[in-house]
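Next, two complexes with subunit A in common: one pairs it with subunit B, the other with subunit C.
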Partner chain A sequence: MRFVAGRLAALVPVLALVLAIVFLLVRAIPGDPAVVLLGPGATQAQIAALRDQLRLDLPAPLQFLEYVAALARGDLGTSLKTGEPVLREILLRLPATIELTVLATIAAVLVGIPLGVVCATRANGPLDHMLRLVSLVGVSVPAFLLALVLQLVFASWLGWLPVSGRTSALALDPPITGFAVFDALLRGDGAAARGALAHLVLPCAVLAAFLAATLGRYVRNSMLETLGEDFVRTARAKGMARVRVVYVHALRNALLPAVTVIGLKSAEMLGGAILTETIFAWPGIGRYMFEAIRNRDFPVIQGTTLVFALIYVTTSLVVDLIHGALDPRVRKRLR
Partner chain B sequence: MPFARRRLAATFALSLLAAPALAQTPDPARTLVVAVPSDAAGLEPGANRAEPIGSEVILNVFDTLVAWTPPDFAALEGRLATRWTVSPDGKSFEFELRDGVTFHDGTAFDAAAVKFSLERTKAMNPFAQASFNLISDIAVVSPRVVRIVLKEPYPAFLSILAQPQSAIVSPAAVAKHGDQFAVNPVGTGPFVFRARQADTNIVLEANRTYFRGAPKVDRLVYRIIPNASTRRLELENGGIDIIQQAGQLAAIPAETIQALRNNRNVAIIEVPSQIIRQLEFNNKKTTGPFADLRVRRAVMHAIDYDGLLQGVFGNTADRVYGPLTSNSWAFNPKIRELAPKYDPAQAKRLLAEAGVRPGSLTVPLYTFQGALWGAVATFVQANLADVGINVTIQQTEFPALRALHTSGNFDLALDGRQPWYNDPDAHITIGYLSSLADTAMTFRFPQDEALDAAILKAQQTVSMDERKALYFKLQEDILARAPGAFLFSPKLIVFARANVRGLVINSAPPLTEYWSVSKQ
Partner chain C sequence: MAEIAAFLRTNRLAAFGLALLAAILVCVIAGPLVYEVSPTRLNILKRLAPPGPDFWLGTDALGRDVLARVLHGGRVTLVVGCGVVALAFVTGATIGMISGFAGGWIDVVVMRLADAMLSFPSLVLAIALAAAFGPSLENAMLAVAITLMPQFARVARAQAVSVSARPYVEAAVTLGLTRRRILLRYVFANGVGPLFVQATLALGAAILQTASLGFLGLGAQPPAAEWGADVSINLDFVRSAPWVALAPGAGILLAVMAFNLIGDGLAEWLDPRRRPAQ
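Presenting the complex of A and B:
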């Protein structure tokens, strides 16, 4: 418990540092949001007036202090493009990204771990070679290409799945929780829930491919290492069933590095979500951030970065805790 | 507790299998789905900054006093106004308003609503300030008559009144929703706002009591699909009915157009636009190689204009010869002859006269990001290399290029202009008036009293014939100053499913009305 509290306290300076860096970076890239906002024909006087109104002329440290003070009140500022509060805009889009990344992580784990185990137990056999080739493709193929191929095959040619979007274009129901499948179930609308699930399949597959392939390779290697250890040989010599040895004794030990990979890569998935969300017209926070950078929408860039950083550090905290649960030695150190 | 949880799970499982809720399923044959590349910045006419998506939605939910008449958009017709008169001095506009029109919230449309809406935009919209600040008074003469008085004559004002910033809002709805009006827009237009999900869609429903007659579809859905290839797949699959004009700086690759041409289920609508793309000089700069008129003319002679249209655009763009596109009512046909033609030998002669030795000049060429701008820049680079000018291409993001432009920190740039209202004034005044030089999207013209006076005179002259003559002369004067090489005007290209009928594309600015569109 004390460990968790300590880790949570350590998050504050990390987040402050991230914020400060982003704050300075967005102001260092060329492009004046006032010019972008005002459009053609705006005079220098109008631009100056707007810069003043947006408080862009204050020295950067002063702007930062004002921002942090507002942040302490839970105010992330207002979007320069839409004039809406950034926090509200982020909360509107966050469920879409969480739905996508969480499901993609689960899918990657469900595919990646068995893939690694199968490869390790049949090391250097034809199945191992084939699956390793598949995972090599999974690691190296760019997401946009994979997305396009999947869209072409499963949406265009076979017609099994929708090309893009999150729900049917004809659906009108306002979100309840923001999680499309869950909302449809709450409403008792089976067709809408099935539709929302169908919309999830392709973007999830694209997002999961990289993690599943990476995970498969890690699990294969650490399984091979574990399978060669003394305790495995002893267990086998005592006449324990092979399945039990592989899946209970060896896998539990081999999973330790995998947990780290899952934690770090699923946080990195947020980065991949920017591209996936754009291609699949998925209304998530990654796409929102990308648009904000293009529009020099400073408050939105800062707000989304803060959320990304928060997710990243929380994930690594969770990874540490899972490590503790899996490995008694770590647990002891944590205490 | 376990039982309750099991029951909840069972409810979820059953609902997955349940039939769709029938009442909520609209008829796909009477639903028009339009794909747009980004979400609307807002649906508030008062705050509209000519951002294309929001502007178009506004024009389908609201009405303006006047609008350009399809299919050629050359003359104005009355919408909420039935007729209007302009005083001889060009300062006073009196509108007779349509009777019996109601807003979507059931309140009546009248002259007070016109006054309310225009004064609201004037107060809250910095983008349209230059035009709306010309208004000195709006008088409600009677519930059916409104008079707008300007501080100085401005014939293009009628054109401004056809823009989304001039859309008439329901005063009752503004009072009710306050600063939430942008998310609850209420107008008199052919479609009623129904719902909006951020970055997902905007849903409009037919206004059954619309004064021009009900729209031919029940529902109009804007779907936000940022990726071009996804939009194309959706269109081919029938998931969407229309792909709207891409953002003004983007263009559709020629291969995509060719591929869709071969698809029987897709119709391609192409119309000339009033957009101009140019290779421009920093005209305000008094030093450096391009301060010499001969060097600027040499660059204009170095460009293979027809080769660019063929090679890069596959004829999806039109030639531009000067400061106005050939489809403008004020276009001077003599400009076709006066514009410098592709002539590398002449370019080399002019450079030699100016003392620029081949290979001695190296300049960065700034432009926007994107494959198309890259292709144009590469083409220009090759043309200039042929006459001995070395160019290094610097592609940069839109805001960064704007910043570079307003600070005047460049020699050569590829840039473009799209007029936000249908009048030559939109190109000429913003482009070439010296007092606006340091603002965005201008040619950074240096102070020139004679030219400035001529521009303002053309802007304020009431007689159409006189105005036309003034713009004819202005085009020649501007071209003589060699402000840049006028490269091309991209066509407006809209893809639609073959069963879509009645779609008419407005050329300036490209904002489509869906009132007349149906699906067979």
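Presenting the complex of A and C:
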């Protein structure tokens, strides 16, 4: 309990500073933000109205307090483009982003961990070099380039998968959970579920590639360190089979820190989601943020940035707690 | 030097990374001098021409030579990557060193601020900052440098705390040297080493993030050639003329790969635990 309380207490100043950074985004706009956001054709009345909406006439500390008070009421502001509350728009799009990132995380774990183990057990051999090169391409390739290549090959040339979009069936029916595959299954519509899954494959692959490659590289290094530890040498000296030493003793210890990598990198994936959702016309909050950037819709940019940060902070906290629960040394160090 | 050569002989991937970087540098530095075609010259009659003897990598939708744009765009992308890391290195290292050396409330405030900045997915923060500063290459560089800065500050702070506890720093304090002199001459000089490894590792990320901002329209503005922006402006033609986007995209991939290979090699060289068990 002391460990959990300590982690939560450490979060308070960080969250306050996160709010301050998001608040300062609009103030970072050079010149008068209202004039810049409305563009050259704006009238004085429009500028005055926006200054009033953004509370720009108040002293900065008061503006910040008003911003925090509004957040506490669940008010993330109103979109300058559509006039809709930002929170409602984000909540509408959140399931699409969660669906994409969670599936991508699962796919990355299923590929990344075996990749790392195979590389470590054959360290510096030809297979290790080849797989390391593949994982290196995975961490080095820009998400937008991988997306283009996959779209070209699997959608345009082979015609196996849809180029973009989420699903056509969902547009006709009101969402139940907001998760396209679940909704189709709940309606008993197998064809719609298959369609939703087919739409997920390419964006999922793009998002998963970076995490799978990062995880593979991390598990390889972690395994190499663990295989050099005394307890592994002792187990081998006692005559234990190499397979058992590697896959039971070493892997279990090497995977413990991988929990942190999986958690943090899957949250980091949200940055990649902006690019992926934009290219695949995926109706999540990443694409919503991109559209807001094009329209210079700052309440939306602030709202989506804050939501991304809150997801990231929450994931870090959960990862710390899981890591602490699994490893008593971490509890002691972080207490 | 002999030690480096011996390491490169055993770590083929790091050697490959160095060779790849050398090849890229030769192409983008010497390339435009040999291949004297303007990257911004329009030739509407030859738009979307496929790769061939006239245009080695084809032309884009405005008839501009793709090879010329890749060579000139590479210069921009690499200079931007190095500039971003240099900016993040200098500011992050300075802030981190002062924070670790001074301790007390300065250290607490600086580290909480670094924690807060690291609480954003880095690309999200870079995008939000670049959107606030306004779309331009300089603003994109500044945005990415700000997001990378806390990483340098954290490493520098850890180094400063570690070096400050060494006997020679205590001796310098006893001798009555000014804090500024101790910080610059002893703490910074002895703690800066690991920051160079961090810088090498950050170069790939810096290029990738700046290219991503360029792709979103927040980086270099037309008609300037830059790899990320060149992928973005050619998206609509990618199905009929894939070379227009794939060529600059491949440039980003190869450059980031080269820096990642070198960074990995450096990290492995400095950390014996990461070398394979005998």
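By definition in this document, the second predicted complex is superposed on the first by the 274 of 335 C-alpha atoms of A that agree within 3 Å, B and C clash if a C-alpha of one lies under 4 Å from a C-alpha of the other, contacts with A are read in each partner's own complex, and residues count from 1 in each chain.
The rule is simple: contacts are C-beta pairs under 8 Å (C-beta built on N, C-alpha and C of every residue); 3 or more make two chains touch, one makes a residue touch a chain.
Just so it is clear, the model here is predicted, and its values are computed rather than measured.
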| item | value |
| --- | --- |
| Which of subunit B and subunit C A:Thr278 touches, first, second, both or neither | both |
| First, second, both or neither for A:Val35, with subunit B first and subunit C second | first |
| Partner chain(s) touched by A:Gly83 [first = subunit B, second = subunit C, both, neither] | first |
| Which of subunit B and subunit C A:Ser164 touches, first, second, both or neither | first |
| Partner chain(s) touched by A:Asn124 [first = subunit B, second = subunit C, both, neither] | second |
| First (subunit B), second (subunit C), both or neither touched by A:Leu110 | neither |
| First (subunit B), second (subunit C), both or neither touched by A:Arg294 | both |
| Touching partner for A:Gln46 - first (subunit B), second (subunit C), both, neither | first |
| Subunit B versus subunit C as contact partner of A:Ala70, first or second or both or neither | neither |
| Doubly contacted subunit A residues - partners subunit C and subunit B | 29-30, 36, 148, 151-152, 156, 278-279, 294, 296 |
| Sites on subunit A touched by subunit C in the complex | 13-14, 17-18, 20-22, 25-26, 28-30, 36, 123-124, 129, 132-133, 136-137, 139-145, 148-149, 151-152, 156, 217, 221, 224-225, 227-228, 267-272, 274-275, 278-279, 289-290, 293-294, 296, 298, 301-302, 305, 308-309, 312-313, 316 |
| Complex interface listing, subunit C residues touching subunit A | 12-13, 112-113, 115-117, 119-125, 127-129, 131-134, 204, 208, 211-212, 215-218, 228, 231-232, 235, 238-239, 242, 245-246, 249-250, 252-253, 256-257, 260-261, 264, 273-277 |
| Subunit B-facing residues of subunit A, complex | 29-33, 35-44, 46-47, 49-50, 81-83, 89, 92-93, 148, 151-152, 155-156, 159, 162-167, 169-175, 184-185, 187-194, 278-281, 283-284, 287-288, 291, 294-296 |
| Complex contacts: residues of subunit B adjacent to subunit A | 11-12, 14-21, 24-26, 28, 31, 33, 38, 41-42, 47, 49-50, 126-127, 129-130, 182, 194-195, 197-201, 203, 219, 221, 223-227, 229-230, 233-234, 236-237, 239-240, 396-400, 402-404, 406, 417, 420, 429-430, 435-436, 438-442 |
